[in-house]
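Going in written order, the chains are labelled A, B and C, and every chain counts its residues from 1.
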């Protein structure tokens, strides 16, 4: 029946937030203890010079999962990570790590930033960089102790970079630099790790080593959120995926979320990416 | 058993057993403090002045003057020297952070921006009151830094243009003020003039006191907060993520920088202070790969160039100290640039050249081996003509290459001089090269499935750099194969050793394919 | 205090300047205008190419070039002819030589080692400048260079300079004719090479594909910059010329984004700062050159605050209104 002009449109049916796979996604949070919720975000909006970069992000991440964050360039993936850690101011919303604000739970968060964020000509060697992971626990003025050095050595060993401990960081390949960053994050001895595009520009061997490490961490009960740039491997590496394009398009188990429809929604009709997407989906279905 | 085979150290246990020290500068900075204490000690105990003014000195030879200058005997000279030492330490330490944080031009802008503050401080008491000038200059400097920040944050103007505007605008204002002061009868124009290009001889006790306080503050801050400055300089985002207030430390550094600029003004002058911040630190940057060593070296260079500059100015009393210090510092930089052991431009060129020579020698050895192989190892001498043909060179070039081999003990002349014979060492090295080349070709064709006619170029490059470990691994991988993709035999290590073991006289030369 | 800052007498400072000593001060204002306009026009490209501080470097490092050139000319010419030795050709030769040396030094340092560009610029210009000061101090007599003049310039001497004769009639003081010449050539060069300069400033890739050699443009710009800088020494000296290079262009950039308009506004700014600076110097009885630079900065400040598009007042008003964030399109 045609509606009169001044009649209000009927309310849409209540399926919860429009784009999320699981309408009741946040119910489990209500009954969970803070320890089981490494990350909770409510209505986060981040703007840069009045231009929104992230809009109304709601998220609740379960413990012990490998989570990939994918989306097109400029989707706000790095911004999401930086905003969670307080490196960028929020226009609205809040973030909780294990039930407390970030500043109160600093020590439980490990960070692997993008490799290009740093000047690799800086006069430090590999060991110096990894030791920086221990600084958070030392506070002001205190120097790293022997114990700290031992832990740093262990972490270097885990990423197989111990022989390079005295090498200046510019004398490293891309993969080696990434491993150093990883070792630094490991040295933080955290419970939840945020990684920003750790696989960019690394060789195949390093990539495999990083994935192995990620699984090891997961077995120990750690939670990992990784900004990832490559769709086909995203399906392989991660338990859950967050599809992000300024808003959360979808968040859930990889098998359920990684389908053509949602990926198209995320990547919004960019041709080159769509064909990648189609290939990735096809490949995953064989 | 004589190996003669070069053993490249593996990356295994040996390296792991090394001490992985991430040295903290407790040692470096403490030694600086110690040096300062010694200097202060000497100064306090040194006998009273023997000459009130520089003009009283009558020594003429440079050595005598040097002795006079550096022995702290004269009060006015003592202050000049002490002042430059203090400023060297201060600028050196801070300069290290300025250079690695790419803030060099901020230092320059700050040093120009303080001029109006100096003028106003001067006006306060109509005389050169160090404290008033210090406060005035610091305020002006900080205002300048704030202005740059404000311009970049509120307009689309980029930082370099903002720095240039603040630099010149504030300086112009300062110069206006100084020209106005110069007009006044009570204005001690000479005093202000010293601030433009520096005159270390004009330093007095109050100046030195102020400089000591500021230097002590810098040394204290840098040593207490070393790791904080280190991490915020290297990776500010990570620093913030682990809870360090990166902005606070940045501002603290700027404040220390402002103080540093102000106390250096009298000795170096407004225009050139930034050079004392940048140049010694850049020299240190070229010589070391660790931050704490950079800081120590930078402070050392600062002290050395400051003292030299002051001394030169003292020799030739018409010259201002600032430019002389800067020239000395630049000289040090030039030396580091050219001759620095790790990054020096000339050193690198030299290394490349030697590497080039080594590669050519090895290629010649390979040619000799191949020539012999062609003949099925009958006879051991190879003529220069054969060599030239093999290597596709002229005979003259072959002769030069042969001479190079002989010079390095890898071959000797035989007979009439147009032939050469490989020494045992040369023979071994030739076998190694050939082995590396053929093994690599086989590896590429078998393991990497590259066509046999594509592998030669690659092998030509790799053969010179394969290490022992890698070669053994490849051998194992290829099941100790005996021939390369082109059907030629691959000398194995055992073959070579067997051959080498019997090499003591040329007549007994034994090698692959030869029989004893 | 009144000794330091003379009272502001409107009649004395503003009116009588033009009515009584118009000729004298007129030349000064004209020189200031010519210098500011020329530097400002060239400076626009420095700002666009983010090379403001390379410009600063060149302005400092022409000093030794100048000193060496004068000494050599003196040795060759034998005996000072006073201002005669300051022939434009000698000056330009010295300046060009120094510009080339500077550019090469900066490139060598930061391309061959891990020292970054900012430190390379600092090291280069400070060492060359120091060298220049030492040379001048040691050989001042032989070079006929007044240290103070070279460093800060003194426009007040310009009107007293020898007038240039053309066809038997006195036209203008020498420096003004020289500067006008340089200004004219600058405008000509900019007009001739407008496209090349524009393209290589914004998009070196596009420039290469259009056959514009970015390196040639770069070196050409640096060379002409050194000529302009050296010609401006008489008016503003080595240290203040950087103000004239950057401030006019930066001010113009706050008012418009289109290059032709920026050029025009640069010239307007030059005129304003020249005249205002002159009056400021007459009032405060201070150095005219420095006053002109202060005036330039003052005009910048005014525009910064009041600019209709980017000014501080406009921003503050916008923040007061504080519109909420707009929801991005789906």
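Some points to look at:
Note that in this section a contact is a pair of C-beta atoms (placed from the backbone, for glycine too) under 8 Å apart; a residue touches a chain by one contact, two chains touch by 3 or more.
Only a predicted model underlies this, so the values are computations on that prediction, with no experimental measurement involved.
Among the remaining chains, C is positioned farthest from chain A, on the basis of C-alpha centroids. Ranked by C-beta contact pairs, the top pair of chains is B-C.
Put simply, the C-alpha centre of chain A and that of chain B have 39 angstrom between them.
Centroids built from CA atoms put chain C at 35 Å from chain B.
Spacing of chain A relative to chain C, judged by their CA centroids, is 51 angstrom.
Chain B has residues 102, 285 in contact with two or more other chains. Annotation for chain C: residues 114, 116 touch two or more other chains. Of all the residues in chain C, the ones that touch chain A in their complex are 114, 116, 323, 325-328, 330. By the touch criterion stated above, chain A contacts chain C in their complex at residues 45, 47, 50, 52, 55, 91, 121, 170, 246-247. By the touch criterion stated above, chain B contacts chain C in their complex at residues 99, 102-105, 107-108, 112, 123, 151, 154-158, 160-165, 167-169, 171-173, 175-177, 179-181, 183-184, 196-197, 271-272, 274-275, 278-279, 281-282, 285-286, 316, 318-320, 322-324, 326-327, 329-330, 333, 337, 343, 345.
For chain C in complex with chain B, the touching residues are 3-5, 47, 50-53, 55-56, 60, 109, 112-116, 118-119, 121-123, 126-127, 129-131, 133-134, 137-138, 151-152, 239-240, 242-243, 245-247, 249-250, 253-254, 281, 284-287, 290-291, 293-294, 296-297, 300, 304, 310, 312, 315. Of all residues in chain B, those touching chain A in their complex are 11-12, 15-16, 18, 20-22, 24, 26, 100, 102, 224-225, 227-228, 230-231, 233-235, 237-244, 285, 288-291, 293-294.
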